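Each of the next two complexes has chain A plus one more chain, namely chain B in the first and chain C in the second.
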Partner chain A sequence: MEEEPKEFLDDDYFGVRKLVTVKSLFEVGAHLGHKTGCRDPYMAPFLFGTRFDLDIIDLEQTKVMMQDALNFAAHIAYRGGVILFASRYRQTLDIVEQTAKDCGEYAHCRYWRGGSFTNSNVIYKGATRLPDLCIFVSVLNSVFETHTGVIDSAKLLIPTIGIVDTNCDPRIISYPIPANDDTPVAIKLYCELFKQAILAGKEKKKKDQLVN
Partner chain B sequence: MAASLGRIRHLCIKHCVARSLSANLKDSHVFLCSRKGFYTCSQVWSGDVENKPVKAEKISKAMKSYMERAKAYNDFMQNEIEEYELGKRHLANIMGEDPDNFTQADVDKAIAYLLPSGLFDKKARPIFKHPYEIFPARRASQFGMDGRPHHYLFYTGKPQFFEILHNISAKHTELTEVEMTERGKVTEKKLNPARFQKLTKTALETLTNETISPQHYLNFCILMDRLITHPLARRAEEFIVKYSKKLDLGSQAVHRITPEKDENGREYIRADGKRKSSRATVTVYDQGQGDISVNGQDLTYFSSMQDRNQLLFPLQVVDKIGQVDISCQVKDGGLAGQAGAIRIALAKALCSFVSDEDIGKLRLAGLLTPDPRTKERKKTSQPKARKKVPWKRR
Partner chain C sequence: MAGSRLEKIGTIFNRVNGLLRSGALDPAERPIWFDVYHRFPPKVQPEYERPIPSQELRQIVYPEDLIRLNFYKIYGDSDVIDLKNESKKTTCQLFVDKYIALLNTAEDKEDLFMKTAETLKGQGVKLKNVNVKEVQEETLEDTKEKNKPNFSVKDILGDIPKKKTEDQAKNIMFDNLGLE
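For the complex of A and B:
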C-alpha cells in the first residue's frame, strides 16, 4: 500500500489555522447577519441568535469552518492548483481582484457568462484548464440569487469555498464559511486570510522541493 | 501562360475571400475536448547507465490542444507562403520581369494590369499579397505547459480590457488614500477634463484585441471621468494619457498674423471672410481715425442700419471704434451676406492687434465662428424648401 503523503499526516501542515481568531472576526463585524426575514432556513444551525431582528452568526463555528477552508486552500496551492476568486459584490471588486493578483491566482468578479465552466471550449475558444478550487467571497450575485459559478462548480465536481451570509444557501458549497459578506472591512480580512493561506501553501511547496 | 494566369486568378480570389472573412471572424477555433485533465507523455527509456525510465513532463490537455492547433496553423501558413512565392515568380515571368527582384509594388501593378476590375469597392478587386497580410494572425498561447493561464483575469473572457478597468480603479483608490493623508495641504490645480479625450471604443478594441460591448465601454468612460476629475489627478497624468488623448490648446489658439507695412510705412493686417456666396477682404490699419471704406464707398454702401451694425460689431466688442481705419473689398452675394463676410474678416484681422482677453471676448460673442448656413434646397412636390401645398382631408 502506498505511503500517505506527509502533508496529510499533519492537521495544520501549513500553519494556517492559527491565522483565524474569534476576536479578529468580531472586530470587523463578521458576526452581523441580515434581518431575520431574509434568513435562509439552512443557515439556522450557524446562527448564535437574533438581536433587534438582526441575525447574529456564531463565530465559534465560523472560526472552525474558516480554518478548514484555509487549510484546504493551502493544500490546493501546495499542489499547484488553479484557484479562482469570484464575487459579484461590486463594492469589493477591486479588493478581490488585487488579492488574486497578489497571490498569483485568478479572479472573476465580472458578469458571469452562462457556460463559462460547462461550455468552456466555446467561451475561452479552445480546450482550457478549469479551476481546481473556486473561492466565492460573496455567494450571491447582484440579484440575490446563488452565483451560477457555485452551481456549475458543483456540476463539474470543482470544490468550492464560500463566505455564506444569513441569506445564502450553504448546501452545495464544499467548505461554507458562515460570515458577514457585506462589510468591506470584513471582506478585506477574509481576502487577506485566503491570500496568506495560498502563499503559505506555495512557500511550503518551494521548501519541500528544495529538500528533495 | 493562360494556365499560369488562371492559377494567379484563383489565388487572387482566394486572398479576396480570406481577407473579407477575416474581417468578420476573429480567431475562433472550437474544440470538443470535453474531459478536463492532464495528458501524460508515455514513459521514455533513457537508455542510461541506470536503465531507469525517465518520467516525461506532464502537458495539460489544454496545452496539447493548443500545440496541435498551432502546428496546424503553421503548416497551413507554410503551404500558403510557398504558393505565394511560386505565384509571384509566375507573375514575374508573365510580365517579362526578373523573378528575383519582383517587389510587392510590382505584383500589385501586374495584377491591376492582367486582371482589370471595374468594381467600385477596392476590397472586392483581385488582391495578391503575402499570406501574413491576408490571413488573421494567431493569438499567442494564453497559458503555459501546465495549463495555468498567464493572465490573472483570464477566466473573465476579456482579460486585457478588465485589467484596464482594474488599473484605473486602483489608481483612483491610490489617489484617494494620498488625499486622505494630505488633507488640507493640497495646493495643486485640478485637471481640465475637456482637455482629455478618452479613447474611442474602436481604439480600445484595437488596443486590447478584444471586442467590447457598449455597456462595457460606458463603464470605461465612467471610470476615466472619475479619475480625471479627482483633485489629485495631476499626479496620475502619465497614467491617464495611456487611455486618453491630451488635446493641445493649439486647436483653440488663434493664429496672430504679423502686420505688414505698406508703401507709406503704415502697419496693416489683411484678412478674408465669407458668408453665403459673398467673399470679402478687409485691410485694417491700426492707429487710425475710424475711416471706413467698402468697395470704394463709405458706410453708406450699406443702406440698411442692420448691415452697418454688422460691420461695427467687432469694433464695439474690442473697443476700437474710431481708432482703426478699415478698407474692404467685397464681391458676390447680396448686401446682408456681404456685411456678414466683412464682419468675420474684420474680427479675424483685429485678433492680431488686440490682447488675448479681447480675443476671448470676440470668441464668446461668436464673431470668430464662420456661419455655415446656406439657402435650403427646394424639394419636389413642394413649392419651396419648407412651404407645402395645402393639405386636404379628402
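For the complex of A and C:
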C-alpha cells in the first residue's frame, strides 16, 4: 500500500472550505430557483421548499457541495492539471473568460462544436491533451438542454464541476453545486471562489516544490 | 486513454477503477484526478441510473404573509421602491413590523389591523383605502357659490366711461373744430 500523500492527510489542505458561507451565497440570491414547472425531478433532494410556485434551493447543501468542489479544483490545480471553464450563458461570458485568464487556465464559452472532446485528434490535427477538470458555470446550452461538454466529459472520463440550477440535470456531473446560475452577481461570486481555490492550489504547489 | 464512452453506465470513477483492476490501464498512467476523487468522493455518486426522488416539498409560508395579503387588499401598493437601497422599508413592511410589535405588546388584541393602521397614520404614514371611492356630496348651488369669482370686470378693465349723449357728442365735435 502506498503511503498517503501529505495533501490528503488534511481535509482542507488549501483552506478553501472557509471561503464559502451560507450568508454570502444568500446575499447574491444563490437560493432562487426557477418556477416549479421547470424543475428537473433529480434536483428535488437539493431543494429547501417552494414559495409561491418558485423553487428555493437549500443553501446548507449548496455550501457543503461547493466546498467539496472547490477542494477538488484546488487539488487538481495542485497536481498541475489543466482546468477548463465552460459556459454557454452569454450574459456572463466575459466574467467566466476573465476568471479563466486570471487563474491561468482555459475557457470555452462559445458554440461547442460536436466532437471537440470526442474527436479531438481529428479536429485539432494531432494528439490533444484534454483538460483534467471541466468547470461548467452554466450546465445548459443556449436551448436549455444539457451542455454537450458535460456529456462528452463524462464519456472521456474527465471529472466535472457544475453549477446546477433547478432546471438542470445534475446526474452525470461529478461535483454538482445546486445554485442559481442566472444572476450575474451570483456568477461573479462562484467565479471568484473557483479562482481563489485554483490559485490556492497553485500557490501551495509552488511552496511545496520549494520545500522539497 | 482507453475507456468506455458509455457515460450512462456507472460513474467515471467506477469505469477507471474497472480498467485498473482488469489491468487494461497501467496504475502509473491513471488520471491525476483519480486519487483525489478516491480521497474526496462527492456526496452523491454521479450515476445516470438512479430512482426519481420524491417531489414532495414543503411550502414556505410565513405568518406575516397574511398581514401582507390584507394590507395590499385594503391599501394597495402605492410605494415607489428603490431596488438599490435596501435600508428603506416599504410601507407594507412598516405595517407588518408595527402589527407584530402591537401583537406582542397590546393588551387588547381586538381589531389589531385597524389599530395598526391608526398608529401608522398618527406617525405620518400615508395610508389610503383603495376600495373606498371619495364621493362628493355637493349640490349645484354649493358648486356655484364655491366657483363664484372673487373679482369683477371693473377690477380688470377699470372704470368704463358711460355712453355719451348726443349733446355731448355735438359739443365734442365743436370743441374739436375750435368754434364757439
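A few comments on the model shown:
The criterion applied here is as follows: the second predicted complex is superposed on the first by the 212 of 212 C-alpha atoms of A that agree within 3 Å, B and C clash if a C-alpha of one lies under 4 Å from a C-alpha of the other, contacts with A are read in each partner's own complex, and residues count from 1 in each chain.
In the analysis below, a residue touches a chain if its C-beta (ideal position, glycine included) is under 8 Å from a C-beta of that chain, and two chains touch if they have at least 3 such contacts.
Everything numeric in this text was worked out from a predicted model, so none of it was measured.
Residue contacts after overlaying the shared chain place A:127 against chain B, while chain C stays out of touching range. If you count the residues of chain A touched by chain B and by chain C, you find the higher number for C.
In the overlay built on the shared chain, the residue A:97 is in contact with chain B alone; chain C does not reach it. Applying the stated contact rule after C-alpha superposition, one finds that A:105 touches chain B and leaves chain C untouched. Shared-chain residue A:44: touches chain C; no touch with chain B.
With both structures placed on the common chain, the touch criterion links A:80 to chain B and to chain C.
Looking at the shared chain after the overlay, A:116 reaches chain B, while chain C stays out of its contact range.
Looking at chain A, you'll find residues 80, 156 touch chain B in one structure and chain C in the other. Looking at the complex, you find that chain C touches chain A at residues 1, 3, 5-8, 11-12, 15-16, 31-33, 35-37, 39-40, 42-44, 46-48, 50, 52-55, 57-61. Interface of chain B with chain A (complex): residues 27-34, 36, 60-62, 64-66, 69, 142-143, 146-149, 152-157, 162, 166, 169-170, 173. Residues of chain A that touch chain C in their complex: 4-5, 8, 39, 41-42, 44-45, 47-51, 55-56, 64-65, 68, 71-72, 75-76, 79-81, 118, 132-133, 151, 154-159, 170-176. Residues 80, 82, 84, 93-94, 97-98, 100-101, 104-110, 113, 116, 121-131, 156 of chain A are the ones that touch chain B when the two sit in their complex.
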